[in-house]
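In what follows, chain A forms one complex with chain B and a second complex with chain C.
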Partner chain A sequence: MPDINDMKEIILKYVINEYAEEDDNVTFDTPLISSGLVDSFSMVSLKRFLEVKYKISIPDDKATPEAFDNVNKIANLVLNYL
Partner chain B sequence: MSYSDKTKKVYTDQLDAIATAGLFKQERFIHSSQAADIEVEFPAGSVTKKVINICANNYLGLSSHPEVIKAAHEGLDTRGYGMSSVRFICGTQDIHRELERRMTEFLGTEDTILFPSCMDANAGVFEAILTQDDVIISDRLVHASLVDGIRLCSAMHDTFKHSNMEHLEEKLKLHADKRLKVVVNDGVYSMDGDMAKVDQLVALCDKYDAMLLIDESHASGFIGKTGRGTPEHCGVHGKVDIITTTFGKALGGASGGCVSGRKEIVQMCRQKARPYLFSNTIAPVVVSGVLKVLDILSESTERRDKLEQNTILWRRVLTEAGFIIKEGNTPIVPVMLFNAKLAQDFSKDLYNEGIYAVGFFFPVVPNGQARIRTQISAGHETFHLLKSLDRFIKVGRKYDILHKTKEEIIERYGQ
Partner chain C sequence: MHAFKSYEEMSKNFSWARAEHELGYTPGDVINIGWYCSDRICRLGKSEKTALVWEGRENEVKRYTYNDIRLLSNTIGAYLRRLGIRDGDRVCLFMDKVPELYIGLLGILKIGAIAQPLFSAFGDESLFIRLENAGTRAIITQRKHASKLQKILDRLPGLEFIIVVDDDGRKALKPKEVVLHMDQEERVEEIGIFPTRAESPSLLHYTSGTTGPPKGVKHVHYSLISQYLTAKWVLDLRDDDIYWCTADPGWVTGTSYGIIAPFALGITQCVMDIGFSAEAWYRFIEKHRVSMWYSAPTAIRSLMKAGDEIVGKFDLSSLRHLASVGEPLNAEAVVWSQRMFGKPFYDTYWQTETGSIMITNFPGMKVKPGSMGRPFPGLTAAILDPDTFEPITGINKPGLIAFRHDWPARMRTYWNNEETFRKKFRNGWYLTGDRSTIDQDGYYWFIGRDDDVINTGGHLVSPFEVESALLEHPAVAESAVVAKPDEVNMEVVKAFVTIKPGFEANDELELDIMNFIRKKLSPLAMPQEIEYMDKLPKTRSGKIMRRVLHAQEWGQQIGDISTLEND
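What follows is the complex of A and B.
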């Protein structure tokens, strides 16, 4: 079982690398979807990244904008399917 | 029927919001043929004014070429005005088949299918060839019509950072297990005028067993030594799986588009692409004009060579005059002003000086990257460009932006 803090770091790094502009300050609890930083198209690819990275399958009805709205929530969601 | 005050208010509120944000689009009415010199009524109701047009997609200056007009007349006389049918019922003429054959030859592909526009080609192609088992990986700056086409399709969609091949490769690895993968790009990006790295895209797609789709709307007819587009320019002519392009820009400028590429892809579009199945195709008069355009381009590279020389001149003189332009080698030359209001005022002043060029700002381009987008044509003579330059300098001096850095312009006008 991966350490949740390591997992959060990995997810945060991915989010920053993928979506953030230079002057965006993204932390573990920065709103991602509700702030518009990650759009609905990008949410699909974020889900895909998590599934490939952690060899899990997240049901579509669990991959909601609410569940993906910050790194803390995403890490907790992933934990449910490990 | 009910169009109540409540319903009406929904729209008037939105229109007011667009106007308040300074984003309300207004048309300028042209009283002449499309050309380097045009006669414009703007604002609506005002006396017409003769101006130099440096914002058309008329890259080869063929929109009003006498031979194209003559061919269109002949097409009208021999094939009539309209077809009153979609292609597969009774809406296909011999000249539609001929244009598809000629485009296949021109683009170095296996087959071609016509669409009413390239917007329709892009709207129809993805849904026709992909399912939920597949993935589309697109450059983040692809044209809105590609984004719409991707949205209409059930395949997964992912993006990569603009022209970033390392990022694309990461995405190709991430989606390695998908049944089919399609990488999607513009050949030339219409806002910045930069070109896709088509040779590197072909290599990556080969390596990861992905198809490559390129929208060549701002390239067909003039990019590459014989105008075959960005694949020719990058040395990979004939190696792109799917090309979409338009007849509404360099190739006569009227309307229509196509999907050209692998035979099976084109066949799938003929069976399943909805804009092809449920809409009339290109009118005979336009098909006849485009066929003449292809004749002209096959006989000589004179027009694309002239466009290249005009582009080099325009980029050089603007830079020497102290403007900041987006670097590149295409006839799309954005003059950077960074501030939206400055771009609007600059465009207005240019128009008063007899130069028609439009300002672009957020949300059409990213915030803080407002610009005047100029587009050069083979229809421009040197005096058009030098007169335009003179007026650009005059307006540039008024706003004191010549030989200033980006930071200095932003400091004065804001971002």
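What follows is the complex of A and C.
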């Protein structure tokens, strides 16, 4: 089982590299979906990243905007499927 | 009372001159949308009325009166003139839904330049194609989006100015960048509005087709006439309304009904510049006492998915009228809104090319859930036989939705693409590319597209554009792109690819290809699913048969495959 803090660092790095713009300051609790930093279409690629990286399958009905709204929440969601 | 009485009454002796008269416009006079949306409203005694309430992240709120809008659009227009921007020049707006976008559009129009709004989530290649085609001279943007421009600048020699509206001065400016802080500039009282006429170009909106690159739809200042009257009659906008149009002005709804129509009517409108969440949307309606809400089926379905319970947590009693646009509004959504808000969403149908609402459900008119409604008065609409392009007279017979090309907001041409523009007409009819039926009461019922264009979340995506971009990925040998059904977005993009030797078709590669398209084109164009194939279905002449793949996705009959290539 991966360490949750390591997991958060990995997810945060991915979000910054893939979705953040030049001046965005993204932390573990920065709103992602509700702030518009990650749009609903891009959320599909973020879900795919988690599934590939952690070799899990997240049901579509659990991949809600609320569950993906910050890195802390995402890491906790991933833990449920490891 | 609704401005729209009965359908029969409003259709009788209809003339667009009614809107001209209400706006005080006489044919042949100067008509400038920028002036009508700000100066005229001030002259009507509404200088201190709130025009725009903007809310951004962390509940930041900004308010602008009509006098603010007048002065600030003058200020932006004057700034552009100082840079040497002249009438007819194309000026792109590439921003999130910030106040500078709404006010900047009016400033561009006031100096006779052509506004070219583009969706801020576009990747660098989508941006390049549209800026190159338009021959854009200046682009107004935010610091966070400016980096995309630096990647393509050397391929755009005609782009002279990148105007950054939120530069904080911490870093040196990059090539061609200049700074405009709208709220800090000295306000300009008089600008000398350029005397545009009815046929002077106003906006270029880009839209996607099945083949070829995106097309720049050219609109003119006279489009105001349609937009004003349709907003008054269909959206039922009234002087005391608080209006919320959720569309992004990077798309035509966001300009026709998110900027031009409400400002021309002197309405107070609210804008929320944050992402979607059901709670945030309901809170926004409650906080600002929104009375007229114009949204999209994808958003409505997302709200439905968030559940009924959350609706009860908010006071939404301010809502008076609801309407929807972008894709067909399913009957379930109409029934749901009636149950949740005590009123249905009224579906409206139109396109980038039409510039204003064409077929619609009118306030006070009986809504048939799932129907598009009836044509706006004054329009000649028909369902055409796809072979003869002649009107079909019977009821419930499927055909092509078409209009006589004679309403004020109709597109005038595709920018630098007159040939494709002409192909949109047959026997004098403008072909929408959509199919429907008409029932015994004259209501239209949407069936689907007549081509391969993908309508995802109300936005059109060209399969050709995505296929071309896929081929630029180092691992992709061949590609085919089709629509896949989706519960929320109606359709999403699905790609079928064959892989070059030396690459492994696995999940990591799929994610890499998805992100490649997302950054190059846009999140909308990103395939939500990629299927690896050994070979794509092709005709014997080598043309990829998209319809075979489309039928597979939609569980339809494949049809005639006699031309399918054999092994």
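Convention: the second predicted complex is superposed on the first by the 82 of 82 C-alpha atoms of A that agree within 3 Å, B and C clash if a C-alpha of one lies under 4 Å from a C-alpha of the other, contacts with A are read in each partner's own complex, and residues count from 1 in each chain.
Just so we're on the same page, contacts are C-beta pairs under 8 Å (C-beta built on N, C-alpha and C of every residue); 3 or more make two chains touch, one makes a residue touch a chain.
Given the structure is predicted, the values throughout are model-derived calculations rather than measurements.
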- Query: Would chain B and chain C fit next to each other on chain A once aligned, or clash?
  - Reply: clash
- Query: When the two structures are overlaid on chain A, which partner does A:Val52 contact: first (chain B), second (chain C), both, or neither?
  - Reply: both
- Quick one: classify A:Ile33 as touching chain B (first), chain C (second), both or neither. second
- For A:Val44, is the partner it touches chain B (first), chain C (second), both, or none of the two (neither)? both
- Task: Look at A:Asp24 in the shared chain and tell me whether it touches chain B only, chain C only, both, or neither; answer first, second, both or neither.
- Result: second
- Message: Under the stated touch criterion, name the partner, chain B or chain C, that contacts more residues in chain A.
- Response: C
- If you stack the two complexes on chain A, which partner ends up touching A:Asp69: first (chain B), second (chain C), both, or neither? second
- Item | chain A residues contacted in one complex by chain B, in the other by chain C | 41-42, 44-45, 48-49, 52
- Please give the residue numbers of chain C that touch chain A in the complex, ascending. 57, 96, 121, 143-147, 273-277, 280, 302, 456-457, 488, 507-508, 510-511, 514-515, 518, 523-524, 526, 528
- Query: Which of the residues in chain A come into contact with chain C in the complex?
  - Reply: 18, 21-24, 31, 33-42, 44-45, 48-49, 51-52, 65-66, 69
- Task: Flag every residue of chain A that touches chain B in the complex, lowest number first.
- Result: 41-42, 44-45, 48-49, 52
- Given the complex with chain A, which residues does chain B contribute to the contact? 156-159, 171, 174-175
